[in-house]
Structures are given as C-alpha cells and as structure tokens.
C-alpha cells in the first residue's frame, strides 16, 4: 500500500546521489533525568548515519512516550516542548536513512508495541536478510504489519514468542533473524543492546557519571561528555536494569566480522570503532594508496569532505602539497529540491567549485574515499580541467565496489556500480581522468593493521569488494543469486 | 503510550462543548472512475458527523492508496494532487470525531492491513462494547496493536480468522464483536457494508447511474446526485463485487432498534433515515412539544441552528410567531482556540448574539433540541434577559438525558449530565429560565409516528433517556455498572 | 508589480461567488488593559464584512505593535501569543475583503507610518473615488507607495500635510479625498473616527464601562458587552483622548445618505444601523414584497442564510408556511479549493441541498435578498424542480441591480449584472423559474420607513438600483462614464 | 514599530555566535531567458554572505515581479513555481544577514518602488553611515518609511530627486549617501551596479555567453559558468542596457580602500577579489603567522572550517604536520533552536568534537582566522586539553579586533570585543591557552602582497584593527565617538 498519512519527505535533488548511504544510528540512555534530551544530542551526533527521519521513545515510569518525525534531529528534537513530552529517565532513539520501506512516518523508528508483558520499543541499525521470508509467514499466521520496515518483523517475533519474560521473548526472536543488526530496545524496566553474531554494524557502551549509554558510535558519547566503556561484542546481548548490566551470549561463538565500510566511509572520523580511530585508518588508507600508486604531480586535492583524511595521508607519504583545490558549498544540504530543467542543463556547480588558484597549470591528484556510480567523479574531473589543471589523476582510497550490499548500506543495483560493469581502463575513460587507481584489498587490510586479508576467515565484512557475503541471503531468489554469481565471475 | 508522531489536533476551545457529538460517518464507492473524488464529496456531506479527521483508501487494481488527515474534508481532500494519489475505481472513506482513542493520525480511519488473502481496509461508525476485552485477549495472543481505536480490533479478528476467504473472515470477526457498528470495508475485489444486529447506526445504499454507493446518510447520496436505493437492514452484510450485490444475514433475526438520537440531533435535516425525513421528525417533535407544554408567549425563538425545525413546528402548532431572536456567528467553527483568560471572564458572545429587536419587551419561548450539561442554556437565557425579554421559557424537544452512551456518541460522564443529577425544578433554577419543559418519551415516539414506546420491545435505542441499554456493556466493570445502576435508581 | 512576499490567499472555489461582497470592517478601543483582545473580538463579530485578512495595531505607550494576517480573525488573533505581542491600552483593527489592491500582506490594514509628529495608524472601510488621481500626483511628487490600496493615499496625504499637529494633518487630508469612507485612526495619544460627508459606510460609538469603542456595526459592541452610544454622523470626525471626546465637522453640512445595501445585505441582522434594526428592515422588505407580488403557493422557502428574515416576513404577511426547503452545508466556508474538473461537471451540491420532504409536490416561493449574476439562482431553481416542486416562483426582496458600485462593494462589471443586460422576462427565463419578481424601489423605501424615495434628495445611497451616484467618479474616465450612461439608458 | 506581519525568523541558538557576520550579497542579470533562475543560483553561491533572508525582483517587459522570503535561497528559490512567477529577462537578487533593521519580511531586499519614471528596484551590500540623519530629514519632509533598513533611504532619495531620468535620479541620490555600499539596481530598461567611492564592499562584472552579470563575488559567476570580466571600480557606476555597458564616475577620483575582512574572513576561498585569490591570501596569512610566531609543536590543527587555509599555510611554512584535530558537525547549521537549560549546562559539543587520535599526548597549535569575543576559543582550548593535548598554542591569522564596524559587518559592541578590553596576557588567560599570538598589521599587509601598511593612505579599510575609519560616522553622536576614542586609547 502506498500511503501518505503524514507529510512525506519529498524526493530531493540529492547532492550526494553518488554516495553510499547508511541506514541508521541508534542510541539509548538508562536512568538519567534528562534521558530524552541526551538521546536527542546523541542522535544529533549520529546524524551522518541517517538524515531522513528521527524518533525517540521514552518511559516515564508509567507510560511510554513517542515522538517520531521526518527531517533532521535538530529540526524537531531541539525544542523544549518536544523534549518535555518525552518524560522519563529511560529513552531510546534512532536516526534513519531508509533502505527498506518507504520514508513515511509509520516506518520511522523506534517502533513500539503494547505486548502481553508490557510495552516494548525497539530500533535497528542494519538489515535482515530473511525479513521478507519471515514477514510472509507472520501474515499467514494472522499478524498485521503496519509498517514496511524489517524492524517490525522483530517486534512481531517478540510479541509471538511463547517465553514468559520480555527479555527471553527478545532472545527468542533473535534466534529467528539473519543478517546485520545492532538493536537498542527498551521495556518498562530494562534497556537492551544487541549485536548480530558477526558484529557487522557497530554498537558501543558508554558511561555518563554512572548512567549507562548505548550508541552506534563513540562520537555520540563525546557530544554529551560520556566516557567510552567498550564495544558490544559480536553476538552479545546486554541487558541494563536497576540491578546492573548483564551480558547474554545467545549464539555459538564466532569471530567478529565488522563491516569495513564503517572505516572507509560511514563512521565519523572522530569516532573510535573496534578500537581503531576512524580518522587514523582513513589517513593510512591514503598512505597505502600513495605507496601503491605513486604519482608525479604538483598538488594533492581531496574530494570534499569525504576524501580529506586520505588526502592528508597521501600528501604526507608522497611529499606533494595538500591543498583545498575544490571548495564545497555547505548550504547545499537540504536545498534546491526542484531546479528547473534548463538550469540542470547548465551543468551547475551547486555543490562544488574549483579553487582555480590551486589548480590552474598544475598536475592534480584527486583523492576520494570510494567510487560508486562515478557520476560525481565525471563532474569533478571536468571541473579540474576547466579550472586549468594540466593533468588529473584520480586515486580511490578503497578497492573497486563490485557487489551490492544487503546489510544496511544503500548501494545501487549492481548494474549501476561502475566497477561491476567496466574494466579499469573503461572506468578511467568514463570519468575522463588521465589515470585512475584504486587501493588493493590487501592494501586496505594493511591500513586496518593486518598483514593481509585472511581469505579463510576474513577479518571484515567486505563483500562489496569481494562478493564474499558473510550470511545466507535468504530473501534473494536462487535466480538472482545465480545472476549475481555470474556477474561476479565477470568482474573478478 | 502517548505518541505525537504527527501533528495532533490541539484541543480547541469548543463552541459546541455543550453538545453531544457523533463519532463518525462512512462512505464507499464501487466501480467509478472518480471513486475517490466522489468519496471526498460524500464525506464532505457527512462532515457534521465528525470534524476532527478524515481518510480515504482506494484500490487501483494493483495497490491500495491511503490518505488520512486531521482536519476537515475540504481542507485536504479537495486538492487535485491528493485525489490523484487516490487512484482507482474503488474507494472507502471516513470522517471522525474521536470517542475512543486519542486523535492522532494513526487512529484516523480507514484502517488498512495486508492480510494473507490480500489487502483489507475498513472504517467504522459506532462503538464496540467489548473492544477492550477483545483487545486484551489479542495482545495476550501476540497481536501488536498500533492504534488505540476499537476498529483495529476488528482488523485483528479478520486477520486471525481461520476462514479461507476474506469475506468469510470478516463474517467470522463480526460474530465476536458487540455494540453498535456500521462498517464499510474493502478488499481488492469487493466493497462490503455491514450493520450491527440492532441497526443502531445508520447505513444506506445508493446508486449513481449503476455505480453502487454506501453512505451513513442519504444527504451524502444527494451531493453527488446518486439515488437512494434502501437502508442496509439491521444485522445485514452486503457484499458488492463485479458479480453484483449479495446480501448476508450472519445473525439471528431481531427487530431493528436504531438510535433515536440520529433523528433528534445527529443526522442532517435533509437526510431520510429509516424511511423518515429527519426535518419532518424534528418539526413534529416541536409540534408534540407545543401540545404537551403550551405556553402563553409573544415569540418563538430557536437556539440556532439545531433548534430551528422544532421551533418552526412549535410556532405553527401554537400560532405564536417564529423569529430569529438569536443570531449565530458562522465564523466560530474552528476559531478562537486560545482566548485569553480575561476575555473568557467577560462572558463574551463568541457564538451567539441576541437579536434585541425581536426580544426586547417580549415573552420568549426558547426551543432547543436537547439539554446536555446546560452550560449553553445558562448563557442563552441570560442573553435573552439582558436583551430585554420579560419572560424566558425554555422548551426542549426531547426527554431529559439521564444516561451516558456507549455506542458512538460522545456523552459526558453521567455526573455532568444535568438531568442525571438534578430535578426539573433544579434544572430550571440552574439555567435561570422562568419555566422549563421537556418533551415526554411517549411524545417523542409519537413524533416518530408510533403511538407510544413499546417497553417490551422498544422501537429505538433510547438508553440516554431511559437507561435501557440494548446490548451487554462488557467492557464496563461490574463495579462501574453497579454504580451506574445506583445512579440510575437515583434519577429514575 | 506583482509580489508574493508572503503567503497569498489562493483563489478559492468560492461558494459565494454570486454574492456582493463588502470590503471591510473597522474597530478601535481607547484606554483598556485588554485593548487588543477586545479588538480581536470586535473584528470577529465583524468577520462577515471581510474574510480575506485581518490586522490589529496597538500602542503600548512607547511603541506601536502590528500584526497583520491573511485569513480569519479567529485563525490568528485568538492566540495568546499574538495578543500579548499587541500590548497597550489603545488598539485599532480591520477585517478586509479586497476590492482594490491584491490580497497580499502589505495591503492588509491597519496601515502604519512613522510621521514627523509620531506614529500614525489608520484603517478604512469604503472606497475613494479619486484615489488613482491622487496617487499619480503623489508619485510625481516623490512619494513611494508600498501598497496598492487606496488607504495608503490617505497616509501620504497626512504625512505631507503642512499642518503641525497630527489631528490637523488628518483633517487636512480628508479635504482632499472623495468617496465613501469610515476611518478609524490612532496616534500615540488619540483614537480617531471619521465618516465621509454622506455617511455612506456605517460607524458607531460604544462604551464599555467608560472605555470608548469605535465599530462598524453595533454587533461588535454586543460581543464584548459594550453599550451602543450613537452613530458617528455623516461628515463627523471624533477625536478621543485622555481629555475626553471631541467632535469635528470639517465639511459643509449635508443630509446623510447611507448605503442602502447595508440594510439589504451587508450588516449583520442583529445590528442596529442608523437607528434601525437590520433584521426588522429585512423582515419588512419581505412584507412589502408579499404585498407587491402576492403568489398562490404552498410553501415559502428562503435561500439560506441571507433570505431568511425576508422569507419570515413574506410568510407572515402571506399566511403561507415558512419552511427550510433548502439546507446549507455549514462546512463549505473555506473548503474545496480545487475540485477536480470531472466533479465540477457533476453539478455537485457542495453548498446547498434540497430538503425534499418540504418541496416535493409543492408550489414553492423562493425568497432571496438580491440577484446579482443569477448563477446561484439557476442552480437553486433547478434543485427545487429535481426535488419535485410543481412550481417555483422566485421573489427578490430588493430592486434589480443595474449599476456597479464604486464605494466599497465588490460588484461585478456591469455586463455581468443580470439586471443590467436582460429584461425581467429574460431573467426569469435565464434562471428557469415559473415567475420572477423584484421589490420596487419605493417598496424598498417603504420597508425603510419612508413613504417613498425622495428623488431630489434621496435618503440613501442607492445607485446600484438607480444609477444615481452620490459623488463624482473622478477615477473613471469620461469614456467609461459615457458608456455607463448609455448602458443605463438601455436598462432603464 | 514592532511588527510581525509575516513569519519572523525566530532567534536561533547560533552555533556561530562568536563570528563576525556579513550582511549581504547582491546579484543581477541583464537579458537572459532564465534571468531569475540564474539569480537564484548566484544567490545560492553567495549564501555565506547572508542566511536570514533572500529576495529576487524580475521585470518581464511589462511588470515587475517580486519574491522575498525568510530563510535560505535553496529553501524557496529552487522551486519551479517560484521561479516561474519571476518571469522576465532581467532580475536582481539579494541575500541578507540583518545588521540594521529587524528581520521581518518587509526589510528583505530588493526593495521596490513605483516611481514617476517607472518601477525601480534596488538591493544593497554595505551600510550607510548617514542613514539615520537622512531618514529623519525625509520623514520631516513627508516621506513614509515602510522598512527600517537603510536601503529604503536610497529609494526615497531617488524618488525625490528633481532629475528627469531614473539613472540621473540614482546618481543624484548617491551624492547624498555616505558609507559603504555595493548596489545592484534595476529599472524597466536598465541594470545598474554601483560601488562606493572607496570600494569598501566588493562587486564584480561577469559574462555568460554575452549576458552581463553583476555579483558580489566571483564564486557566484562560477556556479553558472559565467566568466569573470572585472571588478567594478571604487566610485564607479555601471549602467547596462540594450545599448551596451556605460560607466559613470560621479565622484572625485580616490584610491580604492576595500575592506580587508573580505580576505581574512568573509569572501569564499574560491573567489578572486580585487585580483587576489582569497584562498591564496589566507594561506599566506598562515605563512606570515608561522614566520612571526614560530612554535615548537607536534601538530597544526585548524579551527574548522574558517582556519583551514591559514593552517595549511602555517603547516607548510613550519614543517609541522597539518591534521584535522577538530571535527565539525555539518548538521548544526540551522538546528537546535531551543536546547534545554540543563543541556546547555552540560557543555555540549554541538558543533565541534576533538579528534582524540590526533591530539592526545601532543603539543597542539590551533589556527583560527580571527578572535572576536573569545567564547568559542575557550571551548576549543578546553576540548583540546580534555582530549589529552599536552600543550595548546592559539595562533590567530589576523590582528586583534579592537574597534566596531559600521560598514556592513555585524561586530559586537566594543566592550564585547575581547581585544578591546584585555591585554594579550589577559586574553591568553581568558581562553586558557599556553600561548596566544596574533598576526601583526604589517604581517597582514605582507600577506596581501604589500611591504607594509601605508599609514598615510592605507590600502585597505582596516579600522577594526586600527580604529582608522575611512569615512565620517555621521550617525554616531559626538559623545559616542569621544567614548570610542578613549576606549581606543586604552587598548592601543
């Protein structure tokens, strides 16, 4: 059903259309007078993980309160009136970029249900790979699904669990789902955090003067001055209550396999994920890139803002000066929803402009963190040439993306991934650069601090580069998989 | 859970706060290119049955489309863009004044669910008297209730029915619910109308050049030029499909017992309900009132607008001239949401003003259709005196309201019903009139065309006057009922 | 210049498109703690005089505060926050239906200017007949006109007056303007009311426990419980200050000549204008109409709501019963902004529906207050026939409208006035009635309490019926006047 | 008068409250089918010059069209409907941060007036230093000022000029105003650009395939692919018409004296102003700063984003590595309007977070472009220490700001300028750094390419650093100036 029960987000002319997008960030607070205000701040720090919608559910000792809105956290959750309605000392919250389910209000999380054992709220970062399969079965059994998000499936599984206690119902539900998930949930007594058996999406525990905090990234602890305690481990469920923090391990032990894209792309550079500084990793990706693809040039220019740390690393390693050869218009964020047709044709520089003084007459090395469809690269290479660059060399601080993601990253269909359909030379020709190089998979692993990728037991979830999916893709038909495998063969 | 996921209706300073309120109107179209535009118009004609929210669901042959909004039909559903989104040749719609469930967007009807047999949408006029009991059981069985409306209970019962076909699931669900309901539902093949075993709320069938229409009242047929065919009978379920119109009778046959308030108060005067002109009935209530309570006076003044037909009848029967002695400000509708405190104290005439030229120096008979809390009557009697009336006689064209309703009318708690706590003389004193009379129960039945009320098998649902509830009140606790019975004893 | 600096009112599908429209109501308070709240209420009572925009200016002893909004008074000026911003014990306000100037925010009144002698705010009901001529001269002299309303011309004349005191500047400005005006103005010390030399538009003085009030109609005194003191006389300027109330008479004495349409059509029935009850006048128009055009019929049906008082008078005089044979949908007010094309074609009864039970099989006399374009009459006559009326006789409680207005009433161009282009029989044929009659000019004057119209010195401004304009029409070119005179000849 | 005739901008919790703010950017197009769409894009590129409001006026050959809105350009002027209303081949536009006049809609530019010679629209970057003096005189002469902006004064002077032609009236008006102004104006035939006698604010001429363009900065030419032609010279007025481009020089010749802050702070780094790359100047400020204030440290950290170019220059000159030691949250822009009181107390890192991995255990040199109140510096120094920095050295790439601006920069009152009230050591102590240094005035001039400041005829407007105001400050009373001089003495 298509439904417009509330103001939908109009489909914007997206300045970031050539980027991968993360779907979510989660946050939770147990036992603080300002629980929902802290949650609003935590979500604000996690805003880069999802800009389409945000929601908070609090519990005030008697009632659950919910506020869910389309738009940025700061647009809605900075208002005193909203925060006052979210009374109570427990709260969980969510920011969302939709991968599954339309962006309508009832898909916005946290989801809530009044269950037999009491109220239960949950929010989710990741994507279930057997959600459609489970949903069909649930509807066959008489369940009514109000949203189109995979998270509601979890709620139904909890509601229908024969276990007596809510925490046990939740653990029961986890046994039935597959894929990537970092969950933050709340009952009227407990705050719960859970990470899938491989720990694909991040989740960490913090402490604000004795108040436990759960957050997708450590930068959300920093914003409120909370201390980082530790990452939730892969396959771990922690239950926070008045009695303290319990840890459950409902799954057989496995090696962790976090998503490598959190480092390359998603997490904020000031976050520490899996014990590693994200900024430091990105600089090292630039260093490795400089080692693998040394280039004779006059200036290192990052594609702002994502390419900056790698460019700094590349410049330091190569000794070529780092300059802001491209200036970003910071007001583009939510603007220019419907430019006129004629204007689109002008090739307007809405988002970026060349800094001619740093480019004219120079051999330019452009550094970007990844290459998805290549549409932005085409524009930027052309912009460099128009500004007088004598040579333009594109260097990508990660390997070619050849496979789609099914774990919470909004990747285009495979046929729109440049590296899934073109050879390196075809790609270079497409973007119009004088040369194009990617960082190797092993170079990427070196930047992460490993000697190389362990192909028998890979240290990271890296199927976008390798096709090596870490879990079965149950919702994908055999036919689709066959096609994907053949595509894989082609591009390998 | 309290939830503000969308714009809630702020609680207005209600110019009609001393009125009973209806909760809903329903409408449906099967097989017309403009199905949703016709539904919008039908709902506009039914706007008097609910002003807080409106919704339409259509089916375009492949997908169900839903638009639900707080506010008036004309505010949202007159826009071409909205109607265009509601594509398809089948549509059902609903206007709502909330009695159960907060007025938040997700309580706005029609409700929709994706069931095993396909999509199913339903909207409801009335109130279930065992909804809470059923809801508790459903939650215990793992159902997730998203709304707080009793209508969702019906949806869950349909979803969980073991029957194979959607229509059979729906009939199965009807066996489990009690109370008052006129339902309009839609599958991807059928339009369904259902009326409870007593036919408490109205529902009729119309025809627009071959297109079947379902509507709460005949005035919603008139607006689109459709012909009235017949009322749906009490306990009847009609199923409209490509194959024509089938009638089901899932209940044991009973005498109909429609709600008498539809005639006295709710239905539009130009509607024909149960074969009777509502305007004609109201005039006759005035005629009977004149016969029972003849008064020596100079002028008959209606309390606008509800008292007008009875006042015309009263004037014609008594021979005393009918004059507009009170003028209503038609712009009050949705205005003056937050008047200042000082201004409230001024006793401001926001809604009504005396027409001094018709009142000064005269003996005035005021005619109103009913007396609920009496707060408006106090103001109007005082206004008449301040405008120079020498005598003010209040005549009410229905019996004293002594009992709350549980079938879809928003009555105050019993202790706020003037007639539930005061004697006639106390009421007269409270409102400040020189005399006060009500129409008798039998006079009311005479105006309806009966000799008298048949106490063994009453022709109408009339518990507000008599305490004679037509169905068990299962959700009301024994304790409450005991209390109500004792209250009843007091006022009898 | 076309300008959209603020939210303009979108052009609605106007349920009253076949009505004359008044352009304004004015109100003022001097010396009350709740000056702006009282003004908001007064404007609410005057809402029938203009629904497109409203504004209030207050003075708090130091600063003038202004709030001007498109929409109804109750939509904006009932909010505590708005009223609190309008601090002070003096306030003036305005409701507007635009005749001159587009409805954009900066045309909304009161207008304000910071003059050499201090702040000056003014609002205006009426229309100047030499505004364009004056405006051209002002611009030639270097004035900058921000609005397109004729009221701004007054402001410029005040600003440019060589007199020393603001009141004298204002009197100076009045000498230069022609046409109809009731003005309420405010300096930082005084509240001023002024009526044009003929007193075409109404203005009265009230008293709320010692606080002087100015208002277009007495109903705006009633709403706040103020007493009516007297009408401002034609050509009178009253100046209210701490020192009391002064009366100025800047013009040579003339007989008053108020607009007759205030009685027939514009003023609220509960207002007393020029010492006459508006309701009583309308009833007498009905009585005279019955005398002039006696009809053999079964039922008298008013066109709601404007025809009701005349219909009551007609019914009382003729002895034929008065019935509500047409029911009005009160929710139409601001709804159905963009109905679909197909739906327009259906001939939808958005505003009115026949009350079939009072019409079927009957000879119907329809009573309306006036006939403008006739488009509504066509629909209503057809509706009566479709509801089964055997005969439909249209009776209009005023004379044929043959001339446009230039004094603040929004009349169509002459060629769209039915009575300006058709004979009586052509009109009858056009609207489809069995017979059509208008009240005569002398009958109209009799209803007003005169023996007949005094053609040498007419008691009322009545050019719409007679072509006898009471002032020179300086802005109308000679050519246009010639044309109008010839048209006049044709229709006489 | 305080007025809320339209939606005012609520006063935000400003993440940039410790910054200087520019008031305006201007743009104009002559003779292009997409004139207003190009203007919208140009304004978008100039958005950094004013974020509170934007407006465009176009001329379509017959009528002037105006759209003015509070908010960002992209919020309103990217919509096709808005651009379509702005028909015509000539357009001028404006972005505004208000320094004089409240931010209400009628202060938003371009301003327009219907003058004797035709329509005239004008917009303004800068500030007049005799506007109040002129305004008082104008009002005394009967002018009505609708806005509180100084730009309206120009409009009145044009309107009242005795000259016959609009261009001559405009030149006449320029003779009467003093201060800083870059004006873009439009008649129904001509596009006009004017720069004050000293050329304090920037204005340049561009060319888009033959279409002349006026813009505050060259980056607004780049966005639409227009070529930079030249700067408008100080004291030059250029008039663009069908007949080509004329240049007028209504003032006695003087040396130019552009505002030095455009280079240090306001202009976008990719703009070329006065023939110099802004980015290049900023890098050189960093280079000079490194030469003047060499520091033994481990890492150079820019305060983002304004300190980045100077930090790159500093790092290159000093050989100490440049790292992003502070990460900016890019979503802060318009968010967190009303944070709760408790949360403010937490010292929340809404805008910035330390990048601990680059700071912990290190001696940090922080580079910022300027120091205004110092409130942000306090927070950032503390943030560095909390992140583990062993030493924190603050280096400012411009001299101490000791004087307020009256030429279009929103500087705090002098007593809030840190450098106007404290010694260097007091400032260091206040911000909590281990050391603090500013670039010298002569170092600043060296970075601009001069040997030193020419004190007899300074090359730039630099009174904020020197107290040397380039024009008389007529609106400032003698008393105020005296006080300022004494303050100046104190801080010298």
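Should a chain be cited, it is by its letter among A, B, C and D, assigned in written order, with residues numbered from 1 in that chain.
Keep in mind that, in the parts below, a contact is a pair of C-beta atoms (placed from the backbone, for glycine too) under 8 Å apart; a residue touches a chain by one contact, two chains touch by 3 or more.
Note that this is a predicted model, so its numbers are computed, not measured.
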Chain of greatest Cα-centre distance to chain D: B
Cα superposition angle of chain A on its copy chain B, in degrees to the nearest 5: 180
Computed distance of Cα centres, chain B from chain A, in Å: 50
Distance from chain D to chain B - Cα centre to Cα centre, in angstrom: 62
Distance from chain C to chain A - Cα centre to Cα centre, in angstrom: 62
Mean-CA-position distance for chain D and chain A (Å): 37
Topology of the chain contact graph, where touching chains are joined (line, ring, star, complete, other): ring
Chain B-facing residues of chain C, complex: 13, 33-34, 37-38, 41, 44-45, 47-48, 51, 72-75, 78-80, 83, 219, 222-225, 268-270, 272, 277, 279-280, 305, 308-309, 312, 316, 321-324, 327, 329-340, 342-343, 346-350, 353-358
Chain C-touching residues of chain D, taken from the complex the two chains share: 1-7, 55, 57, 63-69, 82, 85, 105-106, 108, 112-116, 119, 139-140, 142-146, 155-156, 159-161
